[in-house]
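The next part holds the structures, each set out as structure tokens.
The same chain A turns up in both complexes below, where it pairs with chain B and then with chain C.
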Partner chain A sequence: MKHRTFFWFFLPTGLAMMLFIAAPLVSIIMQSMFAPHEAVLVTVENCGPFGCQQETIVDQEATRALRDAQPLGRFVGLDIYFDRGHLAVAEVAQAWRNADDLGAFWTRLQNLPFYRAMAFTLTYTFTVTPLLIVLGLMIALGVNAINARIKGVVIFFSLLPMIVTPLVGSLILFWMIDSRGILGTAIQWLADDPDLSLKASTTLTWVMLIVYGVWHSAPFAFVVFYAGLQTLPMDQIEAAQIDGATRWQQVRFVVIPHLMPLVTFVALIQLMDNFRVLEPIVGFNAQAHATSLSWTILNDLGGETRQLSAASATSVMTVIGVAILLTPVLVRTWRDFKGKT
Partner chain B sequence: MASKAQQASLRLRIATYVFVGIWLILAAFPFLWTLWGSFKVELDFFSIADWTNALTGKNTEETYGRPFTGAGYHGAWVQEEFWRAVLNTFIVCFFVVCTSLTIGTLGGYALSRSGFRYTFWLLIAALMFRALPPITLVAGYLLPFFEWNLWGILPTTIIVLVAINQPFTLWMLHSFFQNIPKELDESAKVDGCTQFQAFRHVIVPVMWPGVITTGLFSFLLAYNDFAVTTMLLSESNRTMVPEIAAFLGTTYTEGNVMFAVAAVVSATAPLFILVMFFQRQIVSGLTAGAVKG
Partner chain C sequence: MFLKTFTAAGALAVLTTSTAMACEITARVSIVGNEFPAIQTVGAGAKACAGAEVTTNLTADHQTINLPGMQGNPAEYTSAIIANSSIVALMNEDVIRPLGDLVEKHGQGLQPTQLITIGGEVMAVAFMANAQHLVYRADVLEQVGVEPPTTYEDMLAAAELIREAGIMENPVGGAYAAGWNLAQEFNNMFLGYGGQHFEPGTAEPNVNSEAGINALNMMKALSDYMNPDYLTHDSNATNAEFRAGNVALMNMWGSRAATLTEAEGVPQEVIDGFAIAGPMTVGGGDIPASTLWWDGWTVAKNISDEEAEATFIAMMNGIDPSILEDEEVARQAVWLIEGYEPTEAAVGVFAAANSGTIPYPMLPYMGLMHTALGNELADFMQGKESAEQALADVEAAYRAAAIESGFLQ
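Presenting the complex of A and B:
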């Protein structure tokens, strides 16, 4: 295909991605370095019947003029990244100086929004991903072994937790684990504690969100592994059997090595997807106990005061986080490409 | 798995069926339970006294004379005008899928037929864009959209969702077109077709399986999106997902949780139907990327 033809074929999609993905990306980097203008203050003398008073008021006109002249705000460099709402350098340094031991330092760190969000995001990402891979693999092995006639039905129901809108899925579970819902009641009965509420405890909220995460993503792992099992080399399995391998040994030494490239694939995709966790926090109404970087952005942008600068800085940091998680994928793609040419 | 040696012991087979059964309950029970409960009153759905009320609908019977009631649906669809959100969702999804497939097919076809090095870099760029969480881009949209009065309306959201969809669409269709033999359009070109004519008359008739699979995922992305629709749509133009999120804020105070439950069930129903009809395509789409790589 000639360059010229290629250009015209690719133009619409390329333009869409340039305008609505690449340009906003540049825009958030710019915005994160500008803070909104402070109001222009003027001191006026107010004279009434009881004498004159000095008064400081906002000069509306001058403020508007300044905002119109520089709509982005004033340039503050990286200040926003280091302020209390983000990396909070000063607060961290102070906490480090004042804290007696690591535990106290950690407690103080948890009061800073960025570190609180990071603590949950990373815990969530790195517990959900391995758990969903294990569960997905077990379901795939199970479904592969059952009667072919009911496989279709099983796959249909297995797909549901993944296909359903994350917000809707988390709401459905949230209502069930409500202390008046069926699961909530069951847990109270099991724990023999009629006042137990999953929503009141930070640890239980985290467990709940992680359970939701595994429930939501395990079907993806299951489908991928199940497809991988269809291409299982039967001669290797037979050879292992002749050598006297038990069923567990066959799984451990033949099936799992065969699925290993898929495990890597699922792990890489899921690490990136779990890092952006947002909907469960909204659905479970869990922001008092668990926040993520995505949730912080949503919170900054929502409401009457849209804090664009703060949200942009958090966005840039989220992008950096995703970029770190993406590096192995890129290296893999690059190696594939090298191998092909 | 036909050979006698592969036959599992009875105990292992029972264990397998039990495990798959438990998973099925985990996967399906929440949906069935909520569907059942959506026809009850709140006192039954959230039962303090006795959990079996949710099954029998004791309080529902006291209030309405029969164990099922459509009050939640009536409240959500008529009183809270949820039908608007449903309509908006289908407008958004329809246009996102159509636009996304049209420009994605052209782009994906070009990427698969051009042997130059820049196609690789374009695909890498698409991969990076695909990994970006949409919420991180929203801060970049708001200022220009407010400035040009584009915020809050459906077309803006549609275009944004199309763009966010493109990286995935390109990857799917690129790998799909690579499996269509190059000789097909090459021979058309030898016969005097231009590249576009070759695409139009030779490739378009055989590309539908891949396009349908990709379209399904575009639909799911547009249907399930929360971050973009919440931030970019005004109150009157909301689609289902942000509408449900907005319900939560108001219903918990007014005690109309059942409206939200009915809305949630309404939003799940189309996905049920979708999976029922397109299960094979969804499975093949999910595995297309994986098994190759």
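Presenting the complex of A and C:
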């Protein structure tokens, strides 16, 4: 393609990317390095239905002068990235110095919001992603093998978990696993422990969130793999059958290699999605046991006093986290691509 | 006597029609606020005005949209309905206007106590009061032979008796959901033990104190008598437990207690046994372990004077004393409006106000403290760390947020 043609061809995409990807990134990076001005406080008398008392308020005149002088706020550089709400460098260093062994250090680390969020997020990402790929593949193989007449219905029901909005899906499950709900009671009966509560135990909450994550995302893997199965080379399968390959051997040596590029694709998308896990934590009210970076952002923005700078810093860290996660898969794809050409 | 009441009622009715007719506005009004019944009533009253468009956006998420919706110029919302906690965020960002001149012009009939005056300027008009207080099952307490508790220590003793008698396994309810609710329960208990959230006159945190540790230990003791899922139970879930007859004692919001047993399918014994009392004290203190709240409305700063006037008139119509004629509306809240006669459902909030309960602190940095408490206390409640450690975490988390927001250096 001529450079000129390429330029005009790429221009709309390029503009859209600038507008929707580059600009927001620049914006959050800026916001994460500027914090609100130091508040000028005054004490005034404050009266209402319950009488009068002396209260502290923000001096608007003085604050306005500060804001007009520096509309972006106070430049703090990377301070917010290093504070306790984020990387907590000072606290981590202190924990390292004071801890007797690795276990004690780990316990102290889990007391800091960023590391606590990462512990859950990474566990979630690296259990849910492989499990949903395996489950999606199994559903796809199963559906592909059944009678064409009921296929449509089965596909519809297999897709349901993905069709249901995550918040609604998690809320329904949340009610079912309540100690008085149908699943909660069933589990109590199975474990023979009437006091067992999924919601009160950190381990069980993590298991529940992971099960939900697999349940919700497996249909995505299923759809992709099912589409891939329609392009399966039948002559290879027949050749394998003639050679006496069992069904498992056919899957292992013909089907899976054929679907490998799709596995990479699903892994890429799902690593990205699972790293940003948010809805199940909100839906299951699980913040006492599990948090994620996205949940931290929501929490910073949802309080009575919004913490825009803290939320922006966490957003930037999420972007960096996703980039790190995807690097191995991207490098691999790039090598395959180079190998082919 | 009968005739006199009759004529008075007739006169009132005439007055109502005349005020309703009188509500004429000339510029747009746009209201954002919470969605509970009393606020729905106020919103509907404002919408009754003729002459220009009145829109309302009443949602539980009002706090996350009112500030951005008032920061623009012109502001999207001309009025935000807020409480004493949430007015702070609007004050911090300077998006609401002083109402002195409008009160003088259109504010006849407002009680002096309704005017929220900050530094000599009227910044909001309050229309209802709220507080958390005891809600209990009179029949269950009678069964075990105890009086309604007036202290949290009595509550624990009563809970033990109910459990021993085999009536209920987890007789205590509480909105202890990690986050805002858990932090609010801590605030109640902490103030009840005589705690102060900040070093006087500064933004320095002061929760890691004896009062803080006592408060956490009391909450932990109470949680032993709660449904094991208590860290996921907000006010709605706690009320559901009470309605289902699983709970006999709980600390609940006045605004929700009034209509608690009106839901469908509530067993008859719960409806009959349902009773309200004032807030409890703790640790031998005389200040109740609760906080006082008001709900009121504000007028945006970044709008034209014409729109501000229209907003003020419409909101005044929303809290017109005539709304109290509807019995259902009168029960919805503890109204601060002229002519309000306390209903039976209001005794808890009135007891709270009369027994020296402290209003929720209206400080610019209290929101950050509340968020920090909500995030850091769950570890203690689950037994993962000591009370001292949890409170040290709260102070550290608060400090990081306050430094970022410019309240601490």
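General remarks:
Here is the rule we go by: the second predicted complex is superposed on the first by the 280 of 341 C-alpha atoms of A that agree within 3 Å, B and C clash if a C-alpha of one lies under 4 Å from a C-alpha of the other, contacts with A are read in each partner's own complex, and residues count from 1 in each chain.
The rule we apply is simple: contacts are C-beta pairs under 8 Å (C-beta built on N, C-alpha and C of every residue); 3 or more make two chains touch, one makes a residue touch a chain.
These numbers come from a predicted model, not from an experiment.
Of the two partner chains, both chain B and chain C are touched by A:Asp178. Applying the stated contact rule after C-alpha superposition, one finds that A:Arg64 touches chain C and leaves chain B untouched.
When the two complexes are overlaid on their common chain A, residue A:Asn285 makes contact with chain B and with chain C alike. By the touch criterion defined above, A:Arg306 lies against chain B and chain C together after alignment on the C-alpha atoms of chain A. In the superposition on chain A, A:Lys338 makes contact with neither chain B nor chain C. Contact with chain C, but none with chain B, is seen for A:Arg74 once the two complexes are overlaid on the shared chain. When both complexes are overlaid on chain A, the residue A:His37 reaches chain C alone and has no touch with chain B. Of the two partner chains, neither chain B nor chain C is touched by A:Arg149. Once the two complexes are overlaid on the shared chain, A:Cys47 sits against chain C while remaining clear of chain B. Chain A residues in contact with chain B (one complex) as well as with chain C (other complex) are 178, 285, 301-302, 306. The touching residues of chain B, when paired with chain A in their complex, are 1, 3, 5-6, 8, 12-13, 16-17, 19-20, 23-24, 26-28, 30-31, 33-34, 37, 45-48, 51, 54, 102-104, 106-107, 109-111, 113-116, 120, 122-129, 131-133, 135-144, 147, 159-160, 162-164, 166-167, 169-170, 195-196, 220, 223-224, 226-227, 230-231, 241, 244-245, 248, 257, 260-261, 264, 267-268, 271-272, 274-276, 279, 282-283, 286-287, 289-291, 293. Across the interface of their complex, chain A is touched by residues 63-64, 67, 84-86, 88-89, 91-92, 94, 113-120, 126, 129, 177-179, 201, 203, 227-232, 234, 292, 294, 336, 353, 359, 361-368, 370-371, 375, 378-379, 381-382, 385, 389, 393, 396-397, 399-401, 403-407, 409 of chain C. Contacts from chain A toward chain B in the complex involve residues 1-3, 5-6, 9-10, 12-14, 16-17, 19-28, 31, 71, 138-139, 142-143, 145-146, 152, 154-161, 163-169, 171-173, 175-176, 178, 180-182, 185-186, 215, 219-220, 223-224, 227-228, 231, 237-238, 241, 247, 261-262, 265-266, 272, 275-276, 278-279, 282, 285, 294, 297-298, 301-302, 306, 308, 311-312, 315-316, 318-319, 322-323, 325-326, 329-330, 332-334, 336-337.
Across the complex, chain C is touched by residues 35-39, 41-50, 53, 55-58, 60, 63-64, 74, 76, 80, 83-85, 91, 111, 113, 178-179, 195, 197, 199-200, 202, 284-288, 299, 301-307, 309-310 of chain A.
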